[in-house]
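Read from first to last, the chains carry the letters A, B and C; within each, the first residue is number 1.
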Amino acid sequence: MLYELNNVVRLFGSRTVLEIDSLSFEARKIYALIGPNGAGKTTLLNQLAFLDQPNSGEIRFRSTPVSYDHSSLTGLRRQVVLVDQSPILFSGSVWKNIEFGLKVRKIPKKERARRIEHALEMVTMSDFAHQDVYGLSGGEVKRVALARALALEPEVLLCDEPTANVDREHQEIILKILSHANSVRHTTIIFSTHYLSQSRQLAHRTLLLQNGRLSKNLEENIFQARIIRRDERLKCLVNGHLIPFSDPDGLASDNRQLRVHVDPQKVKLKAFGQKPVLSPWIPGKITSLSKENGNIRIMVDVGLKLQILLSEDEFIAHPYQVLQQVGVGLDGLGVTLLP
Amino acid sequence: MDLLVDSLKSALLLLLSFDPELYEIVGVSLNVSFFSTLFAALFGLPAGFFIAFNSFRGKRLVMTCLNTLLALPTVVIGLVVYSLISRRGIFGPLELLYTQKAIIIGQIILIVPLITTLTIAAISRIDQRYRNTALTLGATYYQMGWVVFLEARFGIMAALIAAFGRVIAEVGISMMLGGNAKGFTRTMTTAMALEYDKGEFVLAVALGMVLMTFAFVINMVFHFLQGRLKSDAL
Amino acid sequence: MFNKVLVVAVALVVTFCGISAAAADKVLTMSTTTSTQASGLLDVLLPEFKSDTGIEIKVIAKGTGAAIRDGMDGNVDIIFVHAKAREEKFVAEGYGTKRYAVMHNDFIVIGPNDDPAAVSKTADVYAGLKSIAAAKAEFISRGDDSGTHTKEQFLWEKSGVKVVTNKREIVKKGEKVAVGFNEPADSADWYKSIGQGMGKTLTYADEKGAYTMTDRGTYIKYKYGKTPPIELSILSEGSEALANPYGIIPVNPKKFDHVKYDLAETFAKWLTSGRGQKLIGDYRLLDKQLFYPDAIPQ
């Protein structure tokens, strides 16, 4: 195990930004961290980069508990490099920026030059070698920062939204570079992103982070959908039902086929007893109930298998049963369009 | 109006004739101001660095004290140091009074708070993310500190320039601790005070012109550096 | 890299320029008054002394009181002032070894050409001051507790005019002090105490067309050395009371064993020798004699 996190909690003031009961990362794999803004992705990456320290809990790196004194940290940080979402470049030339980490590790001049040139080639910025960083575009900055990290040939490469601010053409290149670093150099890669597509493309494992906590619910509740125009507005059709949705990535267009994700915690249930289920509620039958981590997981068959999470309190207020006929209610916030 | 114009004409002549007395006075000012800025920086830069980088109990108090010290009038400093280095004072036997060393000592006291506060400001202006970036690239804390220092270099240079400008133009300390002795401790400012008192405007105006030229150049450099500061923030 | 080299180069140049005098071994520190320094006499005497003896003199000029104080504190090796009573006290209290009488200059009473108080017709300065008081003619006083001001107060007292002590607040060395000044009684409408130096006092009096008492040197400068010159004229001069004697006193090595007594003695003796005295007598300010040697009168 490369990383092991146990009961890691990070507070900012009174706000809990990260609360991980148990999480581990294996070496040589690619992990994707998915989650909305404010989910704690950056905070988690900072913990893994040893730039920040949890308020409580333990992090182990290579089976040894991390000790947060200066000299231990420097040693650890020389194995793990983090590339920020909006990276900072030091004033000076591109060359000098990439050289920094190499100089710090006392790598000799010839070797430094070789690595810098190689790194620049990888991000297709060889022409920029001696250019001053002042005036570089957002995408160029990102690529330089990536080159800066790659030149160090680290054990672990952490990337906070590696393709943010980068144009389409170079996004693909960056993803390829990450894949290459992992397959050829066996660099462990942990990156955060908004895009499920990237995680599917690259990652061996995907983690979902929401409100600082890990959620297992990514593989579930994803359904085929089609966007249709009805009454001047775009609506979403899933399995014959029109459902409300939210579209943060702006993917909806008339007649488009895509997928939706339904947040299990934002689905409402209503017991109708013997009466017929009224619109907009969707009729379904409960097929399983199980308890996990303070929640009750309910599987409902609405023609598709839908997972729902209720808190224990909610369930105690409405104790559902297997085989019970229920109405399922969706609101726009719980349904997200996916590419 | 004639007074000013005539004085300006005569002053220009004096300057261009390389009058040795005039240039000796300028030399004393430069010498004293240079060394006081240098020594004040040796103390003020590390102090500013330390304070900016660390949080410790009483940091607010220290900052408040420093800001208060900025308002120390030169005559107060002159008076206090005078009482210490006068023959009857504790440091009397060191024979410091009425020497350039005494002026330097007084001026150091004057600008250490200035250099320190401006350094703190320059360092604080450097985003925390620079530190983290250096650290994640494997820097030790010292190496990281050096990175921050380099990023803050324009702000720090501006601090030193401001300090130099402050001391080269002050008269309270130079007069009280130096004594305006011709050939020994006569600076541009003390000479101007004397000549004005004598009613000798020509030398005073000439010196004033030199001083203004210095002030102008210093300010130009200062603003240039500040400009670089802003552009670097992008 | 280039920047570092530049800095070092500038440093060296500046240091070189600034290394001033005190390379000389023999340096004598002397305190004197600002008016003595302003007279320009020292600019003539000191180079001559240096070429004769190789001794360089570091001149610290302040107000009379401060100059004497420097002697009492041992901050200087010798004092050269013009306040006879205080000088004698200085020696009596053991701070100085001996008062050498060097020279004197004089004070004069000046005023507007039309001379409303008819001062020019009086026999001596005392009578002149009495006239001014009687006529309630405007009189400007330095009012700054200086040597000149002290003299002025002394003359009023001795002139017979009724004098009272008024408390005034002046600024000395950046601090406000309350001092008692002796001023003519009931003089609020004609006696103005402005708390300024000699030059400013003359300018003020000139603008007001008022009377004032001044040292001859400053008057000469402002009458013959300035454009435009002041218009006031000399209305009373030559009274013995108006003489302003200068004394030079080496600081007592018994009190301060670090003082350069030998050098001080050398200077004092040189100043009162034929050579020094001649230089003093020959000194001209704008073609006018300013100082009259006392050790060897000419």
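We take it that a contact is a pair of C-beta atoms (placed from the backbone, for glycine too) under 8 Å apart; a residue touches a chain by one contact, two chains touch by 3 or more.
From a predicted model like this one, the values you see are computed outputs, not experimental measurements.
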item: Chain located farthest away, centre of chain B as origin (C-alpha); value: A
item: Chain nearest the overall C-alpha centroid of the shown protein atoms; value: B
item: Intercentroid distance (Cα basis), chain C paired with chain B, Å; value: 34
item: Whole-Å gap between the CA centroids of chain A and chain C; value: 86
item: Separation of chain A from chain B, taking each centre as the mean of its C-alpha atoms, in whole Å; value: 53
item: Where chain C touches two or more other chains at once, by residue number; value: none
item: For the chain C and chain B complex, residues of the former touching the latter; value: 11, 14-15, 17-22, 29, 34, 37-38, 56, 58-62, 73-76, 173-174, 197, 199, 218, 221-222, 225-227, 256, 258
item: Sites on chain A touched by chain B in the complex; value: 46, 49, 51, 70, 73-74, 77-78, 80-82, 84, 87-88, 90-91, 100-101, 104-105, 134, 148-149, 152
item: Residue numbers on chain B that touch chain C, as the complex places them; value: 2-3, 6, 23-24, 26-28, 30-32, 34, 38, 73, 75-76, 79, 86-88, 92-93, 95, 97-100, 172, 176, 179-185, 194, 197-199
item: Complex contacts: residues of chain B adjacent to chain A; value: 127, 129-130, 132-141, 143, 147, 150-151, 231-232, 234
